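These are the structures, in structure tokens.
Both of the next two complexes hold chain A, though its partner changes from chain B to chain C.
Entry: the complex of A and B
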């Protein structure tokens, strides 16, 4: 085990996550905990979004997609996680003098999972998954920001995932479904990242051609009809709620321009790629409605605050401290 | 207003507040504090001894045994405590700890056991875009490393956690050496607590916020009932919430940070130019050199000082320190209320 001398390390012997007795002794009990989709196929999960959560950053936002399944109180086994992401935009600020000339805005995106974000504890040093997500996010944003307006400057987009969607139901891991590909949760995480960063960038006042939002669609095998061949397209899948996802697709979509800046498709989607992409864009339009609403509200609150502040400052002028010289 | 004598002078410059603060932070804060001699008011509208209200929420993370979100003004942190199992046979070397007491009495000194076995692993992340000075991609800064070290040493020196809570004991059904004798209870494994603190937003008093979030998360932590299963030959846990137990913390040490602002007088005649500012924000931390951190615990009735850290200057002497400890004691009861109110 490699040690990081700048942090506190785990015991050298290594630790293991607790194993719950009932999950290995009673197979039926395990299955009774399996979550299932209670929404319609085209129904999205509810989104909570808030901007300007970090005063020292030029723009920031927090996104939460609560899990739709009911909270479990009868067991200590963690239920399906909800998505919780914060995004912070630092800049645009001038590049250091040593940096070479850049005619447009230099965009840096960093995506990091918190150690408590997933069922298995994550480390502090960024792994390949996080780097991969960062690259995808950067591609999605590069097509939206009008970078020519900020020559010789850079902007840092930092995304922290406090809780991520899971790749599948935890009870399935290791036993089945590993061959059909994994990482379904990452698509949801990416779509959430795109949406929250888009709100943060607007909050920072960086010029964009449109508001970009992320959306996910998937093709899953539904098992309830008895015939396992039945496949259905669904929007905003929660991977834990489906036994077998065949294919999934995440897009970054500009609704008013009808453009896609980033597309990430996984799995065996057969002939149906267009339908899958279209489903993802529908899902993105759904989150756009939330983003627009939140941004409008934030703008109104800002102007309201400015109005009150200017009125207040007229009264306060006498007591205010001014620098003269 | 302009008279003939003033017209010869260059026109007076007036800056709005944010520019004044950015251009000359030190005179800005001094102008604020000295505007009202009796009750000094800081640039952020607080009086000198006023703390920010602490908002505490617990149990919001799915994958943590205990979690807390703490807000102190614009500083907000998320703390997650996750428990994993360390098998006794994986502990390197031989350790000679006193045998576990089964009579439920408080143990004299179990800190060494927690320390050497590294049963608590606190870590902090500042580079989450929470402040412009900590940009990800770099190694943890000196500030971050010192913060982690301070937190770990405070956790250990206050003997907050009990090793008895973290041991997983096993009593064999029969004594392998002598079947007639009563079998001995042995430590089969330990719970290791990973304490991860993520800063969402930083605006001063990082240590207070981080430690408060850790306290709140530890109070929220539930460890499942774990036992050694002979058939499975490993540790199994029960998932019934009724069998889970909470950590029994020793006391409730709460840190309070103070910054000392030293004014610069233009004419040498004036005296008394220091202000002790409690719970400084990032702007005030930037212009203050001396800082004092007092950790007090009032859970046993009287307020007891558990630790004092002071660096950067020589303003706070005996008299000041007395006042500072008094303020920290008052704050203790406020924070204690907020902690118990959070559930």
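Entry: the complex of A and C
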């Protein structure tokens, strides 16, 4: 058994949401707490993004996608989880002595869930899911970074997920088990990682072909009217808000080149692969708008002095022309 | 098409017929795109005028060089926890860049150094460099002795001649203005240069041999 023997570990089963007596007395009560999607099918959750949050890193960013469902007053348990990710970029720095010569940039990505990031407590050592996410993220970034500009150097991208999207609603976890364990939340986490790392890399000043952003689209089954099941295609799914997700897809998308550098599809999407992928790219374009806005704002703050100086010289030139004329 | 004041990676800047791609840009399908975020500068690059006149037959007029400047140099800001903690710029040594390096080890064929400053920009982290015996000076290369040129701890100005092997950049000091700029005597006092091959201790007056850099 591959366990962490150096620390006091949490129980293997993890922690579960408290069960109140009322949920057992009244069978309908638990279902009344179920969150539902209040935004449109093509509407994304709001995104908070900030760059340059870690002074010692050459580039860093923080992304938060808060829960869009209205907070419930009946219970203390939040209806859905929110997504909180930090990314830091170390480098470009010289390679360690043992590393062989590399004519281009060596990229290392590390994705780690904080132990408290999900409802089930995570370990301190990276598990397979986290390593898998790291590989996906690396693939997404490989296609964007112009590595030849930085010979003989390495860049470390370290992503910490402070709160991850869950795979389903907490109320479903014990009873049905259909939503949990399917990993729908991971797609959202991956898309968030891609977006936040892209902002951090731009902040670090590493040459990129484009600003890459992540997006997710899903096909969900809505069973409101008895047995008749309606399949709906939606952008930026919050797994807790949907009883059953059939398929989902996360992409890393370069908007100005119309290229996809990474794609991860899950579930049974039938004939609709292209439509699902396209939906995910639409979602990525939505988050690109936020990233661009944030980066431009940060740039303006960073280069304020320089821009003012150039404007001043322009004005002076204009003044000169006025005087001679 | 007018140039934007600030560009983000992937932003279209212009056609290659109208501009030359400079630092911070890349070409994709005959168009120049930004590859880092920053203010766009367009300069008629006088250094390239000779090159452009040579192919003036194909291009009727001088095309301006497009580049994107990196954040201003933060040499005055050492970072919140001292050097190596956010101060300095992400810069790599390139061939022909002038560097300041500290000698860390002397060998029979080469001296090892760590590159601290590249083109008057302080590095975030030191780069491992090597000064081979034959690159120390340009004349009488066969008579050079490492221990008569450098000592451990000397600060040396040099130029990068090659990106080198897996771990070392190759640095040369084979010009008058390159060589030791700061050296301490055996007693640990800062010495002053008296000739191209000697430094002198101000108190004892004892001379030590170094490959001295010509003072400006």
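Just so it is clear, the second predicted complex is superposed on the first by the 264 of 325 C-alpha atoms of A that agree within 3 Å, B and C clash if a C-alpha of one lies under 4 Å from a C-alpha of the other, contacts with A are read in each partner's own complex, and residues count from 1 in each chain.
Criterion: contacts are C-beta pairs under 8 Å (C-beta built on N, C-alpha and C of every residue); 3 or more make two chains touch, one makes a residue touch a chain.
Model, not experiment: these values are computed from the prediction.
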item	value
Dominant toucher of chain A (residue count), chain B or chain C	B
Partner chain(s) touched by A:209 [first = chain B, second = chain C, both, neither]	second
Chain B versus chain C as contact partner of A:24, first or second or both or neither	first
Partner chain(s) touched by A:82 [first = chain B, second = chain C, both, neither]	first
Touched partner set for A:162, first chain B, second chain C, both or neither	first
First (chain B), second (chain C), both or neither touched by A:56	both
Contacts of A:110 with chain B and chain C, given as first, second, both or neither	first
Partner chain in contact with A:300 - chain B first, chain C second, else both or neither	second
Overlapping contact positions on chain A, where the chain C interface meets the chain B interface	55-57
Contact footprint of chain B on chain A as seen in their complex	6-24, 53-57, 60, 67, 73-82, 86-90, 108, 110, 112, 114-119, 121, 124, 126, 156-160, 162-163, 319-325
Interface residues, chain A side, partner chain C - complex	55-58, 91-95, 97, 99-101, 146, 149-153, 202-211, 254-257, 292, 295-296, 299-300, 302-303, 305-307, 310
In the complex, chain B residues that touch chain A	12-15, 17, 20, 23-24, 27-28, 31-32, 35, 61-64, 67, 74, 76, 78, 80, 82-87, 90-92, 117-119, 121-123, 125, 127-132, 135-137, 139-140, 144-145, 148, 152, 192, 194, 196, 198, 200-203, 222, 224, 226, 229, 232, 234-241, 244, 282
Chain A contact footprint on chain C (complex, rising order)	5-6, 8-12, 24, 26, 28, 33, 35-39, 69-72, 79-81, 85-86, 90, 92, 124-128, 163, 165-167
